[in-house]
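The first chain written gets the first letter, and so on, giving A, B, C and D; residue counts start at 1 in each chain.
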Amino acid sequence: MSVLSAVPLAAETAVLWVALLIPSLLGLLAWRFPPQRMRPLLLVITPLPLATFWLLHRVAMGGELEGVWSLGELLLYWRLDGLRGLLLLLTQLLLLASATYAVGHRRAIAVAERTFAGFWPLLGGLATALGIIWVAADLLTLYVALELMGLCAVGMMLLPGKQAALVAGMRYLLYALVGSLAWLLGVALLLGVSGRLDLSGLAATTQPGTVTSIAMALLAAGLLLKAAIFPLHGWLAPVHASAWTPVSALHGALVVKASFFILMQLWQRLVPEAVAAAWLLGLLGSMAVVWGGLQAWRAQALKQVVAWSTVGQLGYLMLAFPLLAGTSAAVATLAWQATWLQLAAHAMAKAAMFMAAGNLVLAAGEGRLTDLAGTSRQLPFPLMTFGIAAVTLMGLPPSAGFTAKWLLLQAAILAGQWLWVAVLVAGTLLSAAYVFRVLRCAFVEDATRQEVQPLPAGMNLIALLLALAALGLGLGADWPLALIRAGGMP
Amino acid sequence: MSDALLVLVLPAMLIWPLLLMLRVPLMAALADRGQPRFPLDGLWCTAPLPALVLALSVDEGALALDWWLFGGFWLLDGMRGTLLVVTALLWLLAGVYARGYLAGEQARAVAGDEAAEARLMRFALLWPLTLCGNLLLLVAEDIASFYMGFSVMTFAAYGLVVHSQTRDARMGGLTYLVMAVLGEGLILAGLLWGAGSAGTTTLGGLREGMLEAPNGVWIGVLLWLGFGVKAGVVGLHIWLPLAHPVAPTPASAVLSGAMIKAGLIGWLTTLPLGETAAGEGFAWLGRAMLVSGLVAAIGAALYGVCQRHPKAVLAYSSVSQMGMITALVAMGLVAPTLWPALSAAVVLFAAHHGLTKGALFLGVGIGEHPPRLPAWLLWTLLALPALSLTGALASGLDAKWAFKAVLHEGDYTIVVTWLSLAAVGTSALMARTLWCQWHVERQAREEGLEPLVSAMPLAWLASLLAALTLPWWWGGELALRGLPPLAELPGLLWPLALGLAGSLGVWAVARRRPLHLARRLPPGDLWWLLVEGWQRLRVRGQGSLDRLVSARDVWVAWWVARERDVVRVLDSMTRAEEWLRRHAAVLMMGVAVGLALLMLTST
Amino acid sequence: MSLPEELFPASLLVFLAAACLLDRHLLRACLAFIAFALLMSLAWWRLDAPWLALVEAMLGALLTGLALFHGLGYPGTRPSLPVHDQERRPRHEAPVRWLAALVWLTLAGVAVWGISGDGELVASDELTRQPLLATGLAIMALGLWAFAHHLHLLRRLLAFNVLGSGVFLLLAGLAGPSVEVQGLILVGLVVALIGSVLGAALLRRLHALDGRVTLGVEADERR
Amino acid sequence: MSGGVLLLATLCTSLFTALLIFLLPERAFRARTGLNLGAALVKLTLVAWMVWGLSRGHAYALEFPVLEGLAFVLRADALGIMFAGLSSLLWLFTTIYAIGYLEDSPNRKRFFGFFSLCVASTLGISLAGNLFTFLIFYELLTLSTYPLVVHRGTAKALAAGGVYLRFTLTAGLVLMIGMIALHVLAGDIRFGEREILAGLDLDRRPLLVGLFWVLIAGFGVKAALVPLHGWLPRAMVAPAPVSALLHAVAVVKAGAFGIVRLVYDVYGIELSAELGLLAGLVAVASVTILYGSLRALAQQELKPRLAYSTVSQVAYIVLGIGLFGPLGTIAAFSHLLHQGLMKVTLFFCAGNYAEELGIHRIDDLDGAGRRMPLTSLAFTVGALGMIGLPPVVGFFSKWYLGTGAIQAGMPWVIAVLVASSLLNAAYFLPILGRLWFLPGPDHGVGEWPEERRLGRLETHAWLLVPAVATALFSLVAGLLAGMPFSPLEWATRVVNTEYLP
């Protein structure tokens, strides 16, 4: 292996790859020696986001980093711009949070140490895969990372070993594999038409046409299945019902969005002008918003509410396609920023929400909404966290969800695409409906309730910090948005 | 010197009653629970003293207070001074009288009657407050102070009206309050409109602005009617005969003697009287006022003689007298040139009526608790103010002569004639009053009621004296003309004779064949019509409101039901999720095909 | 190599795929799959991708076969799965799946034809390409249909594997045995193996837990 | 201290209080009380400092960009600081009251935490420098009041909370869309930059009119304009201090203040008049005034009657806004303060009756004046103020509304005012009559519904003092209306320095 990039960037490149691969190594290490305490783990992982932050700083100073790895004849491309750097940073922060949380979680659910040990390498693998997806710039690397991510995710989902988990995991596995094959078929067609796999090369050589269109459609179908976009979301909610909380948190926050990210990359490069198809994607997103919201509203179990809310929130991201296709530069810039801000906001808030919900369920011992009665008194901390995370999900100020929604609405109004305004309104109201349904249950006072199980303070704290981060990003969005504007928009 | 005095005494006049008021609960709080004190002590009675001192020592002056409301501007001039003297005096005497009048209540309170104690307490609190409002409105030249004084007086007096808390008292209180609130509303409308048009905060400015304002007449109408509630303009007078009989006698005295004049003050300070620049509109307003005043003067007399309760008769007499004053005030609009002369007469008349009516009301209480005086002396003393009111004696004669002379000069003989007719009515009313009192007194003697406390007859006698001798002890404008020459006396006295004769005739007839008019004509005349109309309106309104509410409930229920339907539909829709889950593979193919077809067909 | 020479293995591949996917006797289907995988290996060999052939033989035929047998419960372990697939999809749902598979096939066909018709040729040999592409398309469509249609989890695993092979063939047919293609296929094979192993193990566990062989209708957790 | 820091400190006083209260354990009663009162005093001092500084010409502003072309702006102008002063003053009293009210009840930590958050949002609303910032705090207010409304956790409270959310969240969304549309149309408009919209092309005017009504609909829900008032009477299930806060300063006022900002600082009163928007506002306000009063008249319970009274009274502010001319503006601004003082008094008193005697219905109030004289006196002051009698502050609002109506050439508004006064009298005077003039349990007639002797005074001192204090404030602010820094004088100053059309 040799690094082909320019010498001054060598340090950055090295740091990048170390930052990408370290999680896997740490995961393997933790498999052998499972961590027992939160704090040491925190100390070990904290350098990762710091390093990424440094990278991001370099990117902000000096523009994008790009490079090629050659593996024999095989050339693998990578690229780090503001957007990708931010996503990497986000991944590592969430990795930090969920890993730390997992330590407490294991203690709280009282599962055998060996049973839980499998979690660590899978977590490491997932983090590495996600990192690679963000920085990869060719289809082969993306394929590898996508598969790695999918398999790790399935593995993590299966860990609890309960029957429901196994059924859901099996479905997830099957659909993930088939989705990959659809994607691979698309890649095959692209490879056939242009003979290249690197994204910039593809963008340069592919002409819009029948083959590109069909390839893109196949690719999109596979990725949509993996990204759990309506109507291909069926596998998502059951998976979360029985998964461990840190797994749900990371999965709901990032895994599904990796597929979206890839789709967005390819779409923008290959068929940026396909307005009608983009509208179809937008419509699917709209239906996801409504459907996910409705299901979350009618759901009876707390974790189901959170899982369905993911389906709904992913729909917001899909609105980017029609707003980016064939619209003015101003609209496109707004929509572009909105999408990634929404992604980040949702990632953090959803992770926080899963954790808070997990804490509530663990502490209260019950997973149904009606069993939450009185938790506002006994478990104010996790409930508060849930509430703060919900603020982001509902898109109420001052959260990042609000800022993102503002941008999205601004883009939609500027473009005159009022349909999306209606969708956003409906989505917000629905999300308020399901969030406050939960809170309402928690505020019921006249229910008898036994003692609650005490949880490690760290678990609550991590969730709260994530939720607050999502909240704070709302007003502190200027810096990341400047980075996103500066680089990343194809 | 008088300026310094004004600066000191004018606020003191207002603050002193308030201090005395605050003293009452303070004393009660400090006293032992077991030993209730008599709140109406000597000090309490001194509440109007600073006002009296001010009115007697300062003729004219003004005080401006920037920080007060919109900027306070308090003024004392001849007209205000006169009324201030009369008001303060009446309040003082009535206060002293009240000490005696409420002695029985006090005795009950000492005996442990909680309700009596509460009533006494309330009286002791509200009396100075009402006084304060009355005084403030007299001296206020800025609208805010005036309105404040007016409303403080109005609302505090409610407590005096309902003092006894009997059913009748509540009824009377209700009429009082309803009409008062209505009046306040009209006044507020008039004041806001006028002040808004003129861009002023003083009454003087308002009066001038009204002349120029495009809708000045309507402002005038609003103010006339608004103050008319207090002054008993016909149609708006209905609270008087209902509230007066039920109020404690000292309260009736100040209500009828002093507070009723607040309406007059309102007219005098806001209406453009004597302004030659006032247009034809105001003249028409004046005519309307004139007619309504005469109607009140005569109509109230006719209705009043059919009453049984002496205080009700006196209340109608007040309406009648205020009708005469209304007619005189109206002349200020009809014939502005007459006004400078007439205004003095009006003020004299008002002062005379205030004191005399006060004396008469206090006399009613004396009749109920007769003192140990020889009957001839008692009845002479009781008859004196009545005669004065008819214009046959002392201040009454003086006042009557004063306006009659002015009107004669202005060649408005017809008005004089009508007013004389009203005086006939007044004579009849007075006769009826004394007759009723006679009954009451006889009844009281038979029942051997509570012993009389000396404060009562003393205060009464003092008021009598003050009323009868008004023109002599008060100089200034009032005594301008002096007593009428003897030659004019027949012209002034025939109404009395006619009234007495008529009364005797009616009495003679009624003795043989009772007319039962009193039963058919209850006090409060139009009020009962209004009540009936209101009840009907309320039933109808309630009905339509109920219908509205039920319609709304139905509507809401419909929506709630629809919402439940929607939720049910949604619930069933969520079951479609199972289908989506089972067909994910086909759906994926479908999405791919759809996307591809869209991309292929659109390019 | 001439066209008829190519036709035979191609049709054999399609036949084996069909046998594997259509046979309700699971053991036979698994055997058919192993044969299919071995034939695939041969195909890679003939396409000048010996490494790929080796990997296909090892992973695709041997290990996947073992995994599938393990899933079936052979040899001898108890409780083993019933060897016949009794699960039937409701009749009215079948046409949609046929239609979907056909449309998918058409779509892919149009794209492939578009590339081989006017795209510059990446593959060296025109003659080998046509049957390769056709075989790939047919196998892929079959696999997709089977995946969508079957309920039995083992058959769905088989379908997925067959589908994967079809896609690999298309990949090779469209882009030739270049490094990228080999890389992609290699990754695909590994993923397919892991998926099969995981799936088979899961199947056994599920069967052991409550005797199910399909995903079935979940007892709705939400209500 | 530089301007921005002072602003931030003021805002953070209650924000950090909320945070600290959440961190304190439930049983730390003393620490929480001290924290609450200390913070309230500190904030009052800071606001007073800014008032003083502002009157001497200092400027306080703070801003940073959030999006491209959109900034988070905090700025203390005379109008904003007026509202801030009100909210910090009433916060102090309400906190005192709430401490007494919630003594020994559960969930006090949650209550006071959100209470502080609610005040922080109100302060943010008052100091916001553009619509975006305004919206942020406006929505934060919705969120922080929800736990207060459902505090009791009963089915009724939860249902009321649901209704509250339906109304306010929808309105917030409508508002957001309106604001974004305005942003798309004209960019980031700071409050006071009235020339931006006035300078738009004439063909954009219809759009501006439409947006205006969209925004009014958004604000109107919180301001409880008919027909968007449905949530308010229902929210009465909340504890008394919450009702007091909701009605006097926080929620309802936020809506009214939003309309004030919209008309005076975004559109500008002249443009609004030019576009014919003001007549519509006046009409809406008049309908609301009369409807609210009529509904109040029909209520048999004390708090709902006060609630409908709020509907009616807050519309006075809107009415004042609609009256083109300085007098109407003074009326709107001063009523913003006046209504707060009076209504908070009334709610304190209603809470006192409920706490001490268990009285909720009006016909249970007979003779309560003897049992609780100071509370009843405070209630009387508030009620007379509502009717509009001097010297209570309510009169001044009515005065300026009336004269403003004449100035704006709408004399018929006076009829509305007088009708409203009469209706106010019709529903307040019977209460006063019952309090003072009807014999009750203390005169030996009947019994109190649920009497508790909460303190040596007529009730708990913590409950009594705020009620009396706010009543005194509303009385003194009226009597001394001509003094500098009185609400009226400050409102006049705001109008004179900034808004004179």
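Following the convention adopted for this analysis, a contact is a pair of C-beta atoms (placed from the backbone, for glycine too) under 8 Å apart; a residue touches a chain by one contact, two chains touch by 3 or more.
In UniProt terms, the chains line up like this: A = Na(+)/H(+) antiporter subunit D; B, D = Hydrogenase-4 component B; C = Putative monovalent cation/H+ antiporter subunit B.
The structure displayed is predicted, hence computed values, not measured ones.
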{"item": "Relative to chain A, chain with the most remote C-alpha centre", "value": "B"}
{"item": "Closest chain to the centre of mass proxy, which here is the mean CA position", "value": "D"}
{"item": "Distance from chain D (Hydrogenase-4 component B) to chain B (Hydrogenase-4 component B) - Cα centre to Cα centre, in angstrom", "value": "36"}
{"item": "Chain A and chain D (Hydrogenase-4 component B): spacing of chain centres that average the CA atoms, whole Å", "value": "42"}
{"item": "Centroid spacing, where centroids are CA-atom means, of chain A and chain B (Hydrogenase-4 component B) in whole angstrom", "value": "78"}
{"item": "Whole-Å gap between the CA centroids of chain C and chain D (Hydrogenase-4 component B)", "value": "70"}
{"item": "Where chain C touches two or more other chains, by residue", "value": "107, 147, 222"}
{"item": "Residues of chain B (Hydrogenase-4 component B) whose C-beta touches two or more other chains", "value": "574, 582, 585, 589, 592-593, 596"}
{"item": "Per-residue overlap in chain D (Hydrogenase-4 component B), given as positions that touch at least 2 other chains", "value": "none"}
{"item": "Chain pairs that touch, as defined at the top of this document", "value": "A-B, A-C, A-D, B-C, B-D"}
{"item": "Residue ranges of chain C touching chain B (Hydrogenase-4 component B) (in the complex, touch as defined)", "value": "96-97, 100-101, 103-104, 107, 144, 147-148, 217, 220, 222"}
{"item": "Residue numbers on chain D (Hydrogenase-4 component B) that touch chain A, as the complex places them", "value": "22, 64-68, 70, 72, 106-107, 109-110, 132, 135-137, 139-140, 142-143, 146-147, 150, 152-154, 158, 161-162, 165, 169-170, 172-173, 176-177, 180-181, 183-184"}
{"item": "Chain B (Hydrogenase-4 component B) contact footprint on chain D (Hydrogenase-4 component B) (complex, rising order)", "value": "298, 327, 370, 373, 384, 388-391, 395-396, 398-399, 402-407, 411, 414-415, 417-419, 421-422, 425-426, 429, 433, 436-437, 439, 442-444, 478-483"}
{"item": "Complex interface listing, chain B (Hydrogenase-4 component B) residues touching chain A", "value": "570-571, 573-574, 577, 580-582, 584-585, 587-589, 591-596, 598-603"}
{"item": "Contacting residues of chain B (Hydrogenase-4 component B) [partner chain C, same complex]", "value": "574, 578, 582, 585-586, 589-590, 592-593, 596"}
